[in-house]
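There are two complexes below, and they share subunit A, which is joined by subunit B in the first and by subunit C in the second.
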Partner chain A sequence: MSPSSQSVSTPSEAGSQESVNGGTVGRTLQWDTDPSVLQLLGDSDVGRKIHKLGASKITQVDILPKELVTYCKETQTPLAPHQSEEEEEDEEIPVPKAETETDLQDNEDNQEYTEAHPRELTEEEKQQITHSEDFLVFFDRTIRVMERALAEDSDIFFDYSGRDMEDRDGDTQAGCNLSFNRFFYDEHWSKHRVVTCLDWSPQFSELMVASYNANEDTPHEPDGVVLVWNMKFKKTTPEYIFHCQSSVMSVGFAQFHPNLVVGGTYSGQIVLWDNRSHRRTPVQRTPLSSAAHTHPVYCVNVVGTQNANNLISVSTDGKMCSWSLDMLSQPMESMELVYNKSKPVAVTGMAFPAGDVNNFVVGSEEGTVYAASRHGSKAGIGEMFEGHQGPVTGISCHNAVGPIDFSHLFTTSSFDWTVKLWTTKHNKPLYSFEDNADYVYDVMWSPVHPALFASVDGMGRLDLWNLHNDTEVPTASVTVEGSCALNRVRWATGGREVAVGDSEGRVWIYDVGEQLAAPHPEDWSRFARTLVEIRANQGDSEEEGAMEMAA
Partner chain B sequence: MEEYHPGDEVAFNPDEASNCVKECIEGIIGGVDYSQNKVNQWTATIVEHSLTQLVKQGKPFKYIVNCAVMQKSGAGLHTASSCYWDTTTDGSCTVRWENRTMYCVVSVFAVAVTL
Partner chain C sequence: MAKVEETLKRIQSQKGVQGIIIANAEGIPIKTTLDNASTVQYAGLIHQLLMKARSTVRDIDPQNDLTFLRIRSKKNEIMIAPDKDYFLIVIQNPSE
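Moving on, here comes the complex of A and B:
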């Protein structure tokens, strides 16, 4: 039996196919090309059904591809006119990566552009702006702030006590130490000038004023220079710079006027600077007339109270004038300091005891010290204190205020290499400190400790004398670097720092150790006992018997 | 072996066929991961076994069994099929099976045999 082969062709195939069966099954199927109509032809021996054929439903198999999430990350740095840099980060399979890279390339090209330049100001406009009032005021104030900020390598708002802790490297011992803190020197203004006077501000304990005399090398610069230095910040330039035409011999902050600086000059003029104005020259001057001073003024002092204060000045011709700070055109009162109605006293230093506005002491060129008073029946020179063999360079009244009043004490320094301790009640010195080997240029009592004072001499030595410890030698002593003659010494108002000015225009600040500088309540009574001892010794060395006890 | 009951017209039962095929697949590739080397063997075996089981049922059908094994690699696969037959007696069924690494699609077409 030959196999019947029937081929079923798909509708797309053309042509009809016949299959011939030579076998027993005699059936021919004839397919029409059009499948929709089908006719079965053929004789069927067995009652064959005619099947109706139709198309089946479409079977579909769908397997969806895995969705790959692709993203492209890029950063764009701020565009500058010249070149822009871009960073790209792609994180996917190579195929998508190639596409994204080309996209980014296009973006890069699009985003390069040039910035428009700001309009240049003309020279005239610049001049106009820089000379305008607003600009000057603004500039004046902001350069100080900027200077401080630039010089600081730490927080510019750190406060006083924070700075104190930093500079403790010199304080290794328990505190009987005098350690160098910093020095102030300005290349332009301090060079070749001697520091003639120093003062600390009563309002701002970090401000200090120093006056300088003339610089012979630069005749065209002003003769008198006054610089205000700031201890608080690390910047090395002065806060304020003031000039005047003649060398400034003495300077001080006006006690009750925080903005004013008073100076006494070589020409006899008293000048007043104001730090509110941006001028460097004095805002007020006393006249150069015989009503005022005609000789160098070595001492200026503001005495009194907030409401009733006067500026007292004494010149080397013995003239003492009292001024009101509002009006310097003429003195309120003037007086000639003469002793015993003979020649006037050439005053080199003046000091007022703490709290006293009437009585004061002056030191003279002859080496004698005088006590005087401004008003009253005995106005003028009262007592004379002899003891020094050379001109008196510095005089200081006891400043420390405590349970016992020692304001009758004062110390003087002189060219005779000594520092002497006096009391106003006795015209011979209580004690003579003779440790120095050169002119002693200045002396000052500590403002807080009753038995402590400082002195400076011509060999660059700064001595601290603590009368409780020893009266023979200074308790602490340091020689300033460079060994220039030290002209002035001033304690800071807190009694923890000492400023010294030298002959080269440098101002040195030294920290005094805690143990040495800080007073204890029993120091006053201890000092009273020390005084008694000193007096006892003095009494022994002299033939004088009667002595008064300290109150 | 093959017994035909004359006059007996049975329609194709897709569920029964589908169960039969599923068991076959499970038995052959259930629990194994796609392997390039063995996949040919698997497809042949699946087809063979499925067909044998279907014929064992003794129904008067001509069977066409198609098997496709695809590795899971993220690609998509789309197929479709259609038949022109006697819809009363003929039928088809498609079994989709998958595991972690591959898909397996088996299609069975059954065409009634009339004598």
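Moving on, here comes the complex of A and C:
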């Protein structure tokens, strides 16, 4: 231990001061990087690990980006033009067909598939559909509308400057008293049948019903046919077709039931059709028993008011029954029309005066006319009116309502070629119109003009008599083409049209000129004066007749 | 059933009528008087038009609905009567 100059010899860069002091062996804190670093690092584990470097197994893990499933769905308020296609798809989807693959994104696929449907479901499905109730209802309704649309031939592109106006009737015949409007005829249903009765609808003035009797040429078709025609549209087919097993002799719209058509048949049954059901056969009918009618029913009439109405029917064995339209299984009351307690009256026509539900007049096969009443002490036949020499074919009570009441007047037509004017107060005719040369089949007063009535005869003539003008000859007369007999005449409710039915199944509609048909207020008083004149003449002619007989 | 056939025949024989097609709500023809190709074409195209027309009417007024559609062209007129489950198409030449 000698301090020696040994310390001088130790080189150190950093300069360690302690090394100057002593040469203590082992504890050299020298800032010599290498050894101290080594020393320090030697204490940790990492250092040891780094020594070991080897290859390790690599497992590759690929995590794909998260896939977001998106689709476009548009909602209801369409602004884009493709909306209709999408809606179509939505409608087709609920169709539960096992084969269909509903691929939402593929339009063409779907359309192709729907076009493929008729090939697959052709005959069977179609047959099934056409037999279904639903389809028939749709068809009935739509065909009606379509026919009207087809018949309207109004050419909206018509150019008046280019060609001449097509001649439409109306202009040339404006001044005429009686001009032809149209006729109704159905090839299938009205051929070879006689028009037995006509009636206009009280609710819809353009609707008219006509009844036809049996067609001998076609025994397999139903005997009785009733067609409802429409004046408003140009289509030439009937609105409704009804039929029944026995010839229909009289028909009428039920006045207070807009959908019902009442018919009286040759067998004595009263039948009821309803235009709400699509059946063509009657929905209700009366029984064929002795409680009801067993003879042809030539007159049916609904009388009364909205709340208290009855269907009155009279048959040719003199039986008059009163029915309620709700129940046709038995009459509410029935009465035998007998005159003087002898044999019953064979009724061919019946008429109620305007506004009267109790008293009425009937015409018979023997040529006598009777006044009768339904209720009261004198129920049954009252007075007898004699004058006709042949069966009475038509009878009509004065209809026009005005300041003076003429409801005691009635006219009758008969096979004896005359039309007679009567009043219920006198049992001889007031006047006899003898212009016809054949059986006169029907007569009817105008519903609006007090002095106007129409008559039709077997030579195809339609006469309009205006008693103010002339009582010897009709004021207007026209012969329908085709040389057939006219069986029935009916004024329309407005008094401007006349419908006539002929023996060939055609119904002719004639327009009556305004100056003839439209009444004036003073017409009533004028008619009263005319009546007085007629009565005076009648008195004279009776005297003359007596004188002639004496001479 | 025969009534349907008879009625179609009668309408077909009216002047100017070229064809009648009845199709169901999806545009599949049920009854027709035209040939198959034309029928399918008409039924498909008109069905689309009908949907569009109906939606137009309904959009303007939701309480309203289409009742009849008439297309007038130079050569003919197509009349379409739609319904809930079916529709009827009649093609007519109105100038005759």
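Just so it is clear, the second predicted complex is superposed on the first by the 399 of 551 C-alpha atoms of A that agree within 3 Å, B and C clash if a C-alpha of one lies under 4 Å from a C-alpha of the other, contacts with A are read in each partner's own complex, and residues count from 1 in each chain.
The rule is simple: a residue touches a chain if its C-beta (ideal position, glycine included) is under 8 Å from a C-beta of that chain, and two chains touch if they have at least 3 such contacts.
Every value quoted in this text rests on a predicted model; they were computed, and no experiment measured them.
Looking at the shared chain after the overlay, A:L68 reaches subunit B, while subunit C stays out of its contact range.
When the two complexes are overlaid on their common chain A, residue A:E472 makes contact with neither subunit B nor subunit C. Within the superposed three-chain model, A:D217 lies out of touch with both subunit B and subunit C [touch as defined at top]. Set against each other, subunit B and subunit C touch different numbers of residues in subunit A, with C touching more.
Of the two partner chains placed around the shared chain by superposition, subunit B is the only one that A:T59 touches, whereas subunit C remains out of contact. In the superposition on chain A, A:D134 makes contact with subunit C only, while subunit B stays out of contact range.
Once chain A of one complex is fitted onto chain A of the other, the partner contacts of A:T142 are limited to subunit C, with no touch recorded for subunit B. Of the two partner chains, neither subunit B nor subunit C is touched by A:E124.
Put simply, subunit C touches subunit A in their complex at residues 1, 4, 7, 10-11, 14, 16-17, 22, 24, 26-31, 40, 44, 48, 51-52, 55, 68, 70, 79, 81, 83, 85-86, 88, 90, 92, 94-95. Of all residues in subunit A, those touching subunit C in their complex are 78, 84, 87-88, 91-92, 95, 111, 114-115, 117-118, 126, 129-131, 134-136, 138-139, 141-143, 145-147, 149-150, 153, 155, 237. Against subunit B, the residues of subunit A that register as touching in their complex are 11, 35, 46, 48-49, 51-66, 68. Subunit B meets subunit A in the complex at residues 68, 70, 72-92, 94, 96, 103, 105, 107, 114-115.
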